[in-house]
Amino acid sequence: MAIELQDVSFTYLPGTPYERQALRGINLKIQEGSITALAGHTGSGKSTLLQHIGGLLHPDRGQVCIDGADLAAHTKQEKRAALAACRKVGLVFQYAEHQLFEESIYEDIAFGPRNFGLAETDVEARVREAMARVHLDYDAYRDRSPFQLSGGQMRRVALAGVLALHPAYLVLDEPTAGLDPRGRRELLQMIRELHAAEGTTIVFVSHNMEDVFAIADEVVVLRQGMILLQGAPADVFAQGEQIAAAGLRQPELMRLLSALRAAGVPLSAEETAVRTPAEAAQAIVCALKEKGGRTHAQ
Amino acid sequence: MLSNITIGQYFPGNSLLHRLDPRTKIVVLFALIVALFLFDRPADYLVMSLLTLAFMLLSRVPLRTLLGSLKPLWWILLFTFLIHLCSTPGEEFAHLWVFSLTFEGLAHGFFICLRLVLLLLLSSLLTFTTSPLKLTDALEALLSPLKRIGVPAHELAMMMTIALRFVPTLIEETDKIMKAQQARGADFVTGSIVRRLKNVVPILVPLFISVFRRADDLAMAMEARCYHGGEGRTQMKQLHFLPLDYLAWGGTALLLAVLAALWLL
Amino acid sequence: MALIEIEHLSHVYHAGEEGEQTALDDLSLSIERGEFVAVLGSNGSGKSTLAKHLNALLLPTSGACRIDGIDTREEADVWRIRQKVGMVFQNPDNQLIAAVVEDDVAFGPENLGVPSAEIRRRVDEALKAVNMTEFRSYAPHLLSGGQKQRIAIAGTLAMQTEAIVFDEATAMLDPEGRAEILSIVQRLHEEQGITVVYITHFMEEAAAADRILVLDHGRLVMDAPPREVFRHARELRALGLEVPLAVELRDRLRAAGVALPEDLLTPAELVAALSGKGGAASGD
């Protein structure tokens, strides 16, 4: 069970002077249960790719399949299968707080489940659960207007609105854009928790390599509508030249560790697995001990 | 992507018509429209048709693009023609149910339609050869003498400028909000009209909130940059008439004089 | 006389109404000509409110804010104040007014009644200063966020302001956009001596300033050079802020017994300290 893209190409406004090819023959398989980051410079096609996975855009060529069902339907029977497949994907847009519209937080989160035809008792259960997932107290917040919240809280309400649909695949476009450090940390933590608790597959687009490095276990780097690199974050980011060619920067932690290694601090090969400052500090202490030990031995 | 749609139908180029001062073009267009309505004998129509044809060739805008601007009015033209054909009294050449079709009607319908076509072509020539920005500048310049009688020329022009600036942004935003609500299962395509209207609320509310937020931000940004209305304001780009413009002014005046003389004779 | 003088400034939104909210609480500080000051604070700390006072977009509920000696409450002088202090706001989309880049840069001087030829000269110069000359005839919606913010900077440069206030101007940008803006700001500060007030929640940007102000609940809780401010990592975290990566590693390594200077700030310093000493203080 997975998201599969086969030879997907897409062109905006074909046949006009504004024609622009956004995706060129993308082949990609996103495994169930993974946290996959799509990284790339502005215009690399990452948001277009995301909309294909959400079934909002259909490829000119190739196909997008969710758990084996093609999202572009032709016959009536296929349509039902495509809709069911589409509903397994929850899409959270960039600056998602800008799509809130209801008078109360409860009503806004209930919008999706109601559209899916759920009974009111089920809707309530879904809203309750979704609010808990984004750390908003149900009783304290359910009747409040979403527009009185802070930016970070509004984004959490918008996220809850998608989580209430129980997506098997949660797809997010720049989830931390514009948030302050605390808001960013909290949101990444929520995504991690969701993944751990429900096993929800996470796919997210980011130009922030720190976010990618912090939570992804698979990275796909896009450049000009094509896949440039794909693999585990440590392996992908180790290819400095390619990363720069994609208009991206290595995560700061990684740059710092390479600088240390270049300056003669004997960090072991395992430090490619280092992803947090805590792990980095530990690795550095070990390396210093070893170097110190060697010095003593001489 | 919706965001690539531009407003108006400006066709970039450097033809004689493109280079004319936008104020000249507006005034000449206005004069020609008046002439179209004043002088309505076959000879007048011939002169106007030839003139329009000449302008079309001068503009270097492809003929197909120009004629394309008539497309949306095809039905109106047909309807106008039929009304005149059936309702003008005169020598009958055929009878259809209660309608009598006359030769006079045929001629009348033809000329009315010709007038509409010429009107549309001339106006399209203005918008094809003048960018919306230049049109805005020209309108402000032409309307500014009316400031004295209370016409808010500067404010109108500023509104047009801001609209030109923000329409692409808002189109993009609408597209995004629609997709976001679609991702939450909203359906804008099927269902009864009442249901479909109801389904627009999740688009309109966020869009309105966004527009107000933008307006608020923009007002503050304008204030921070010392905007305080048109009073005492200068402009970086000033419009200048070229010899070409004087030629156009003179030509138009001559044409009107000739037509008036023919009409009086 | 300092360029910006703030004395016992308080600002209360909806004063006397329901939902009354104190955004700035008895704030006193001054900023000299030619300084590069960063303002840090979590959401709701009052930093944006402070920014709007510097340009007379908001007026004090009590206390005073003076720009080059002019009180912002002097209504007749508000245009003089805005000529001295320019603003670059957070949302790149909502502060460009004209449909063409160079017309937008001209907007400020046009409002000031500057003669046409002089506006042309200023616009060309301002676009050059932010490396955007080749985009002069573009429509703003075709530019990236970072490019739009550069145009906004050019817009204030064309007004020949002495100071520019950046009100979270990089919050909505991607990492390259942020780096672009910061390097342009540093260059303008160094080459043209422009006074910079840089409101941000990115610690690496704040570390580039000469001086950092930390706000919390409308109060000034720290006012010191970056090296000094980032010695207090724990206090900063308690305020909902973070510290630059090098500072975080410094504290973790110090806690593990590695001898490092307690005011170490940049990655380069960390690398030098660790490789130079080669773990002299570690272990045993």
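The chains carry the letters A, B and C, assigned in the order they are written, with residues numbered from 1 in each.
Throughout what follows, contacts are C-beta pairs under 8 Å (C-beta built on N, C-alpha and C of every residue); 3 or more make two chains touch, one makes a residue touch a chain.
Since this is a predicted model, take the numbers as computed values, not measurements.
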Self-check item: Distance-maximising chain from chain C - centres being C-alpha averages
Solution: B
Practice problem: Consider the two chain pairs A-B and B-C; indicate the one with the greater count of contacting C-beta pairs. | Solution: B-C
Exercise. Compute the distance, rounded to whole Å, between the mean C-alpha positions of chain A and chain C.
Key: 30
Quiz item: How many angstrom lie between the CA centroids of chain A and chain B, rounded to a whole number?
Solution: 46
Quiz item: Could you say which residues in chain B touch two or more other chains, in rising order?
Solution: none
Practice problem: Show which residues of chain B lie in contact with chain C when the two form their complex. | Solution: 3, 132-133, 161-162, 164-165, 168-169, 172, 213-214, 217-218, 220-228, 232-238
Exercise. State the interface residues of chain C toward chain B in the complex, per the touch definition above.
Key: 52, 55, 57, 79, 82-83, 86-87, 89, 91, 93-100, 102-103, 106-116, 119-120, 123, 139-141, 152, 155-156, 159
Quiz item: What does chain B use to touch chain A in their complex?
Solution: 1, 4, 173, 176-177, 179-187, 201-202, 205-206, 209-210
Quiz item: Tell me, which parts of chain A touch chain C in their complex?
Solution: 41-42, 150-152, 177-178, 180-183, 185, 207-209, 247, 249, 252-253, 255-256, 259-260, 263-265, 277-278, 280-282, 284-285, 287-289, 291-293, 295-296
Quiz item: Which residues of chain C touch chain A in their complex?
Solution: 42-44, 144, 171-172, 174-176, 201, 203, 240-242, 245-246, 248-249, 252-253, 256-258, 267-268, 270-272, 274-275, 278-280, 282-284
